[in-house]
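The structure follows.
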Amino acid sequence: MMAEINRNATQINATIVGNKRVGQYHQLIINIGEISNVCKPGNFVAINVGGETSKMILRRAFAISRVSNNSTFGGTMELIVAPFGQGSRWLCSQSEGAVLDIVVPLGNAFGIPTTPVAVLLVGGGYGSAPLFGLAEVLNARGCRVDMLLGASTAGKIYAPMEGKRSVNSLRIFTEDGSMGQLGRVTDPIATLIEDLNIAVIYSCGPMAMLAAISEITQGTDVVHQCAVEESMACGIGICMTCVLPVADELGAVSMLRSCIEGPVMDGANVLWKRVGKVI
Amino acid sequence: MTVLDFSTTLGNAWFASPVFTASGCASSGRELAQFFPLHEIGAVVTKSIMNKARAGRAAPRMAETASGMLNSIGLQGPGIDSFIANDIPYLLEQKARIIVSIAGESIEEYAVLARKLRSVAGISALEVNISCPNVENRGLVFACDLDASRRVIDGVRRATGGEIPIIAKLSPDVTDVTAIAQGVVDAGADALALINTVLGMVINLDTMRPHLGGKTGGLSGPAIKPIAIRAVFQVHEKLPHVPILGMGGISNGGDALEMILAGASGVSIGTASFGNPTALMSIQSELKELLVAKGFSSLREAVGFAHRNQESESQ
Amino acid sequence: MTVLDFSTTLGNAWFASPVFTASGCASSGRELAQFFPLHEIGAVVTKSIMNKARAGRAAPRMAETASGMLNSIGLQGPGIDSFIANDIPYLLEQKARIIVSIAGESIEEYAVLARKLRSVAGISALEVNISCPNVENRGLVFACDLDASRRVIDGVRRATGGEIPIIAKLSPDVTDVTAIAQGVVDAGADALALINTVLGMVINLDTMRPHLGGKTGGLSGPAIKPIAIRAVFQVHEKLPHVPILGMGGISNGGDALEMILAGASGVSIGTASFGNPTALMSIQSELKELLVAKGFSSLREAVGFAHRNQESESQ
Amino acid sequence: MMAEINRNATQINATIVGNKRVGQYHQLIINIGEISNVCKPGNFVAINVGGETSKMILRRAFAISRVSNNSTFGGTMELIVAPFGQGSRWLCSQSEGAVLDIVVPLGNAFGIPTTPVAVLLVGGGYGSAPLFGLAEVLNARGCRVDMLLGASTAGKIYAPMEGKRSVNSLRIFTEDGSMGQLGRVTDPIATLIEDLNIAVIYSCGPMAMLAAISEITQGTDVVHQCAVEESMACGIGICMTCVLPVADELGAVSMLRSCIEGPVMDGANVLWKRVGKVI
């Protein structure tokens, strides 16, 4: 396994071929040529921000939302970026034609069931981004795919039209009720597990949401594959900053690097209460 | 075209290139192998290893700062036995030159580590990271205490019996880094590595408390380069015959040359690899080109040139 | 809307705003008066003045570094008599609050300066810059020597007779800044200013020698902010009742708040004014807004909040 | 005098209305509105470089080449910028419409003779920039204006067509002979002083050129007004980094700030040999 760390990862100069505002996010389309063939749902990309004279020395990580292998530009990948701080704002301000220094693909991928089972996809904010690409793959495997998306407000829901095609149902929750139902995306999960006989939950979003889902699935047979988001200095496994406390089968806890042993982790093994504590 | 002798030595260890990884910024090498062949750089300096496995500090473990970053890893690692069993063989297989960094909480722990490594084939040098809290002395960092620093190096020296060059890695967080340098050289260090990170803190404006799980952290990256250049210059001035592995904010060939002119015989690249996984490769080739462009025929000629060049100033 | 009490005190001196200039980064005030009224900020901290006029160091005196700069001015100035005759009256005329920074090469010189200033009306406090080479002791910087630091402050204290608050300005270039802080407080300092610049060097790749005329220089600007925050945090933890004037890389309201949460009762703005002549104004208004947004009703409540807030952490 | 330090200096956001390559330089036209009325030949501007996320914390100084008070954009100023290092390259890469944070006008101005005398203008590289605006003013005063420009190579000579109108003669020197005469711009000065009965030399260019001119005028009655270029951290007199050793009438030497007691200095008073030495 170890010899495969960062396998396929390549540092390239890639051109932005699309930058569109979608609600409070930017949808970026980036030309990555043949690399799109080796990107899997769950992988992320690490992008240099700020240019040559930048004081920001670390890359920013973004989940790959979707790849397209035969677009007019050759292979492309799509990112959904929230203009949050200095780095992401810089990225969102780049125009078509701008060239980015990126490392891609990074991290592990969502595990795909070998048999067609019922799965639930849960996304918080821009966390929905990788779920649509994942839905297509699951769909192709014959899985029944239902999706829940949540955010604080309508502008932070990312739910593209085409994405809906691969899902059986899509329900939206906002904390201010400005779109879909008023409430949290985690509210209906317990009921849905029962009603739809869910075998796997795939989730991506804020850590608190992932922890809440793990609490719901705890003690059940439902597998919880969650894409975590720890702050990362390197994205390639050399700095040890992105760790989370994770238990192995025997219960031994270690601090695993979420960049190479994640971002997809088994939610049941993450010690959510001990995140941010010395173990 | 000049044929450049790019090789360097630290103690009795010879390296084809003076460009190394920095401890803790390349893990044990595997993770970088996808980006360049490990045998093409001077050496892999491995993450500081302790005797027992260690989980390290709580997250968050990093904060980006202006042209730098803070880290607070707390020496997470698998422990020396696992390291010798798993990591050394991998590096040897890659034909990488290996410098093993060791860290301890007591003078005895350093000696134990050195003894265990003494018999391992294929290690070019030991880097002794003395920027660790000394649990036997109120958690005072060894590197901030002249006597403790000397005793660590003395213990390691006895344990290795002089077979492997010892590189003592110093902290800049001291009133006089040259005094510590002198002390560890007297105690048997063959070379010096400087600088380790500078102690810093970031307050998170959302939580209004220290951002890092470990409260304070080590500052690295371009922000600290002037401090590193100064430390290397001062130490080389005082101890011109002791080879120095210089580090702190090096991110391009010019930075590496600056460090070498200040007195370093080799350079370690840390934080730059986080922003750019192929940093070692580009720094290596840029440094080569610069040395040739400046008319040097060997790396050795450039080492400490900023000192020798001082009198010849014309105006 | 909350009415914010933005005032602060250092010793027995009261200031309407906690935002001050940093010594050496506002000359004696005149130059900034075109950009904002000097009476609108907390105080003007003047460039460190010595007894005699002084030409300072050779050029080049500065080098820009990543998110920072090195300077090597060498305390150029007109001498205390000219300063008292020309600069103080100007500042008084502008209705500016004045903190005079003094520097000496001997313990006696500091005392002489303090005696001359004791009888000058309108000075709110003395800042004693002890980051100067002690010519009587091998040029060892006072601030790097616990005993010399104490003796300077003791001498100044005797000379002023306790009439003017004394702010001792410390260097971060020491193994334990809290020990020096404790020492100068014991010797009579009413408040502490930290940090002065960090010793650094840049090698010029064209000349291949140290870029600055004075070889080494002081590093300032955003690059050193994490070091400054750490120093203020450490000192406030040890001496919670001693007011601190915090500085080092502050360039916006968030930086100022970070410094205050770490333990500073006021902030000095240095290098930021070079890049932005109206920096003091914008920092002052941003800080006010942030304090209100965070729900503080006075600056005082925020001072050292990062310490008090530590136990209340939820996860 | 002291009360006048930085008089008229204002910090404004100014829009680039023109950016054109001229030889190895860029000619930038920046809209400064009414401030153009208070800019004098010799003044400079200090510009923030690199944007919000820049690691370059200091402004860059540029001589104001010319101002135009009634252009179609309102008042504008022209700069001639050599893309030398990170800051100036960034500036040259800014497009029309980009907004710059600038402080202008800074520094003192060239002194203008009260009677019409013969003057010689000597420019090295982009140092010629402020001389054309100066020539217009001198011309209007009835002075006879001759000009010498020098550089290492043709691409580094800045000599705009319209600028030539205000000068009586213009001779160009390049060290590689690629334009004008082969040689240094200082070569003909001594002869010209004699032949044209020069009263004042105005110079702007590398420090070595200024020093060489001062050597030529030493002991003569020719006044040498030179615009110096020391590296400046603040540009407004608060940092003391930009100093030069200058003697007063009594011979007392002090380190004067070239940003506020310059950039124009009396070449006879500058201790050129002691620049870069402790005095």
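Each chain carries a letter (A, B, C and D) given by its place in the written order, and its residues are counted from 1.
The rule is simple: a contact is a pair of C-beta atoms (placed from the backbone, for glycine too) under 8 Å apart; a residue touches a chain by one contact, two chains touch by 3 or more.
Just so you know, these numbers come straight off a predicted model, no measurement behind them.
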| item | value |
| --- | --- |
| Pair joined by more contacting C-beta pairs (A-C or A-B) | A-B |
| Maximum centroid distance from chain C, chain identifier (CA atoms) | A |
| Chain A-chain C separation of Cα centroids, rounded to whole Å | 47 |
| Centroid spacing, where centroids are CA-atom means, of chain B and chain C in whole angstrom | 33 |
| Chain centre separation in whole Å, for chain B relative to chain A (CA means) | 35 |
| Separation of chain A from chain D, taking each centre as the mean of its C-alpha atoms, in whole Å | 55 |
| Residue list for chain B, restricted to those that touch at least two other chains | 66-68, 221-222 |
| Interface hub residues of chain A, defined as touching at least two other chains | 55-56, 275-277 |
| Arrangement of touching chains [line / ring / star / complete / other] | complete |
| Touch list for chain B against partner chain D, complex | 66-67, 222, 315 |
| Residues of chain D touching chain B in the complex | 55, 273, 275-276 |
| Contacting residues of chain A [partner chain D, same complex] | 49-50, 52-56, 86-87, 90 |
| Complex interface listing, chain B residues touching chain A | 24-27, 30-35, 47, 55-62, 64, 66-69, 71, 73-74, 76, 90, 213, 221-222, 251, 271-278 |
| Interfacial residue positions of chain D with respect to chain C in the complex | 2-3, 5-7, 9, 11, 48, 55-59, 101, 103, 230-231, 233-245, 253-255, 260, 275-279 |
